[in-house]
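For clarity, chains are labelled A, B, C, D and E in written order, and residue numbers in each chain start from 1.
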């Protein structure tokens, strides 16, 4: 166990040894093992956006086995997916990579300003499928957020009792927020705080812009001169919002973008003290060899000591 | 156990031997036994459309015994129906044909843009009645879909723990979808994906048209030149959307149509790699002898090696 | 056990001996014992319409003991009432007549187009009070019907597990139905089918008129020339809709009417193959001696071999 | 045990000895012990109207001990209050007076046409606090009444299983009722019937006016010439509506009024066969000595043989 | 055990020794130990207002360890926070200060007139984390208050059964109240009463203004000449509203204000018989040394004998 992993585990003093062991599994798998950094492959876009929008560009990705192999071969720390994708390959790849079962999901077949995801699997499924953690998305700002928080609370309590880790995707959305506001630095920091207060072990947020959404927050940022000019500064601020760095905070890779832009973002995350990235579409929406190369470069950036 | 059935069972590595045995029962019953193809007789129209609309054209079909006998004599793989129809004949036909208990249902005595079915029976009923599987309808696109997904999740978890298989009817409908969109190929593929991600063992969708409903999806289909011109191509695409063929995917026969049209559709399903058909109204809404002949021809098409 | 009762019991092959014994109790009590016909006294109007509207015309009927005695003395098969009325006399009349505990109820102190009844007692109450069956009202067509069906499902499952019978009042009502449509023959048949599919052992519907409410149904009735001209024909059709006669189907007596009209209706029910009547207001809203005479005549009609 | 109390207990033949013992406790405590009459002190106005509106006129009444002592010293049959008031003195006064735990409550900090009370305590609390009964308010006529009835059903079932008595406050209110209609004699009788059918042992209603609210009821009252001209007649009618006198029916004292008016009302209740009064504001909103004198006079009226 | 603490504990005669021991822990910790006064440090603003608005002014406060240490060093009676903040330091500070787990929370990412908090943790969490009490916020006046009261009831029952104390924040808000009305003395007293009736051991309200919000209450205050001119008088009135002083009632410090104003308020609380203060933003939103000095002064005022 590396000193850095020991240090990270020390932040979770309220968890039982089972949960600590699973957090250690996430931190000690793949090419970033022991560094305290994580690169996770998430594949829930089939449910969230539809299969053709997700996989038509790289048809082997329709196959659930593809992603397990990609995550393993790329040296990711973990693979995260909904129930069906996990069930379809968990036996074949048992023990080869830590799994995060994404227990709620949302589709886009209905227009709605305030998203409401469905609980699509649970802690019992995660246990029987050999997962290290459950994953859960909350949409702070949605009119339905109270139901989400309460579902998360129940699942998290059960997960912790059974020695699993809890990974929370915290994505602000809803009728009171502007589109720009969903990634505003104040809103992003608020989303990280909410996930942390709800008891998440690992928190995933979007990369924050310099926009300030809420009037009451803007005044404080300006009065206190919170440094948010560069992406690295904003990452540092979000890390601060997640218990001053005492919670593992990772960032989503977003939609497919120019590679160099992604690498710059990863460098900013690293510079700002972020713990890693969760890279979905940017990896599985390119050919396997290119994806391996792309993920390899990202991992190499994080792996620089 | 035929090699093809063994192969199909191998896709369900996360299920217990009880569920595998019930999947094997579905695959190894009737004239298509061992081929990996299925023709299932479903009779829930009495609840879904009303009894006269369903059975007046062939009055013996008012009798629940009629359908058990029809499914057996036609050599179907299984018979699917709601609680009442199963209860009314399960003892008389015990062990003669695999049963799928349709545990939710919807009637048309209320106009509603966003359908909301009711849970009308459950896993306990399926077990006491000797069923091989539960059946559940979801309406992706309905404003009530979250409740359906969560009901399915609970029933599916219980079913799997008790060694039953889970068959999901995935029928997109709701206020955000056009009538044409309900069978659009993008929407149909999305519906298959959702059912698969929710943990279905067998998925039933409608035959897809070449229409593309969602703007964001249309762009991808066109850019990636996804082949959807012929029905066989569209079937192949939907199979792909159901975990690249790793889930049993069957198609509904729809309303009564000209026989040749149905046979052409079945040939397209077969050509496209679909696993079979679920034929309700087209079979029980004709005289028994004609139904047997009609189902016999469909089964013969699927049975061609 | 008469051959006819044996035949009727044979239709319930999925039920346990406890439930069969209670169905037999209903069929083997009173003057119609063994005939396979039933006349049941239901008294829930105190809750459904209010006490004065129900009992002022015959004040002894305010007393819960009155109805037990009336049902016993008239030779009815069973007595059905809500919790309070049953509790108030169950010890005094224990074992004297089969009881049906009406476990949901609806009052008229609130105007509502889509009725929503309340669960007012349960299977545990039925067991402790020595009842043979639970009774449950559904309102197909109500916007709240899904909740009702799901409450019925839960109660019916528990009742069957505990050896009770399940009697369902199926009364179409709601914002999508016209007043005339509530007793339309297509709607009535649909209501009988829904109750049967939900697992009812005994189904109670209103007497159908020749009106056809739903456009899609009307076409079928006309095309298939379903005979619905006379009341006896319509009764026969509703019996058909209840699993072709494999479920006990009885008809409500409705509001107070001229006696001869009621007797004619009873003859039509008998001619059409209906299993009996449930006569509330028409019996307890007249003096006891007249009620006994009136019920006696109805029972005599049903008792003709 | 007096013959009258024995007679009253005989009406509750479906209850277990535990519940009978608690009903006997209510009937055999205080100055009216053994008479079959009850005067109960209820103090929930602190929650229902606010503390200052309830107690400022007599500040010692802010203290929860005050009411226990008042009820004991006045010779009431029982004391009824919400959780907090009971918890705050139950140990000090254990065994000194039968307690009724009011398990739901409603405040007036929100304007609403259709009141919705909250479940604020439960049967478990009543048991641990040594109460003889639970108290529950329903608002027949409220759009939320179904939820109330179902909460009552659950609490009443549990209470009866655990040997407690059930006291129901039945107060018609809601958007379909006029203000005058809330105490109309037809509505009041309906409210008593609903409480009785829901399984209440003791029912509390407001004193009925001669107003008739519901058109369908008015016709019956007029046609059948139901005597409702005097208050005693109306009381007699409401007693009739509560199972013809087979349920303990008491009346609320209402807001503070001239003493003579209250005494006249009590005489009418007595003359009409009512079982007693529940007197809150009229007693604790005057000085203790005056309250004792006032309650003494009421009890004396009821105590006349 | 000081005589004053013994006296306070004597008010909770319905609680088990476990709960009394935890109340004693709250009363016997810190500089005010044994005095019967409390100063509590609450830090839930990270969730309620967002992290930057809460902590940017004093960045060490982003760290969950900071607040434990501050509460300990200042000599507070207890520290209250949501799940995440408690989990992040409970092991490190185990046994050093009584903890109150704030089990529901509300964020401001959605505009809403009627606030609806989410249950974010529970009694099981409080027990595993070694807390002395749960904390719960209710918003009397909110259209969602019934759900809150029922969640509180369930949590409080479980907490009391397991020997925990229950602290209720009672903050009137909602569409029927004016902004000024939220701290009106009548509304404030009502809020204290509701919390007390719901079974709270410790009640926290805002400092009341002399405004009277509800018309029906205003009449009583004026008629009865309830003294509410000075803050001390108003505090005394609120104490009266909380069972005449038989419940521990503390006041919130509100937003950052001039120190002398706060000290004057504390003196008024003390003069009016209030039990203490819960001081959040006014303490952690200044530098640590200043916060210690500030809290020291407040504690000193309360500590004067």
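The rule is short, and it goes like this: a residue touches a chain if its C-beta (ideal position, glycine included) is under 8 Å from a C-beta of that chain, and two chains touch if they have at least 3 such contacts.
Keep in mind the model is a prediction, meaning the values are calculated, not measured.
For the copy pair subunit A and subunit C, the superposing rotation over Cα atoms measures out at 145 degrees to the nearest 5.
We define each chain's centre as the mean of its Cα atoms; on that basis subunit A and subunit B are separated by 35 Å. Measuring from the averaged C-alpha position of subunit A to that of subunit D gives a distance of 57 Å.
Those residues of subunit C in touch with two or more other chains do not exist in this structure. Order of chains round the closed ring, starting at subunit C and going on to subunit D, comes out as C, D, E, A, B. Residue ranges of subunit C in contact with subunit B, taken from their complex: 11-15, 140-143, 145-146, 149-150, 153, 157, 172, 174-177, 186-187, 189-190, 192-194, 196-200, 214, 216-217, 220-221, 223-224, 226, 237, 240-241, 243-244, 246-247.
The residues of subunit C lying in touch with subunit D in their complex are 46-47, 49-53, 56-57, 59-60, 62-64, 82-92, 105, 107-111, 116-122, 124-125, 128-129.
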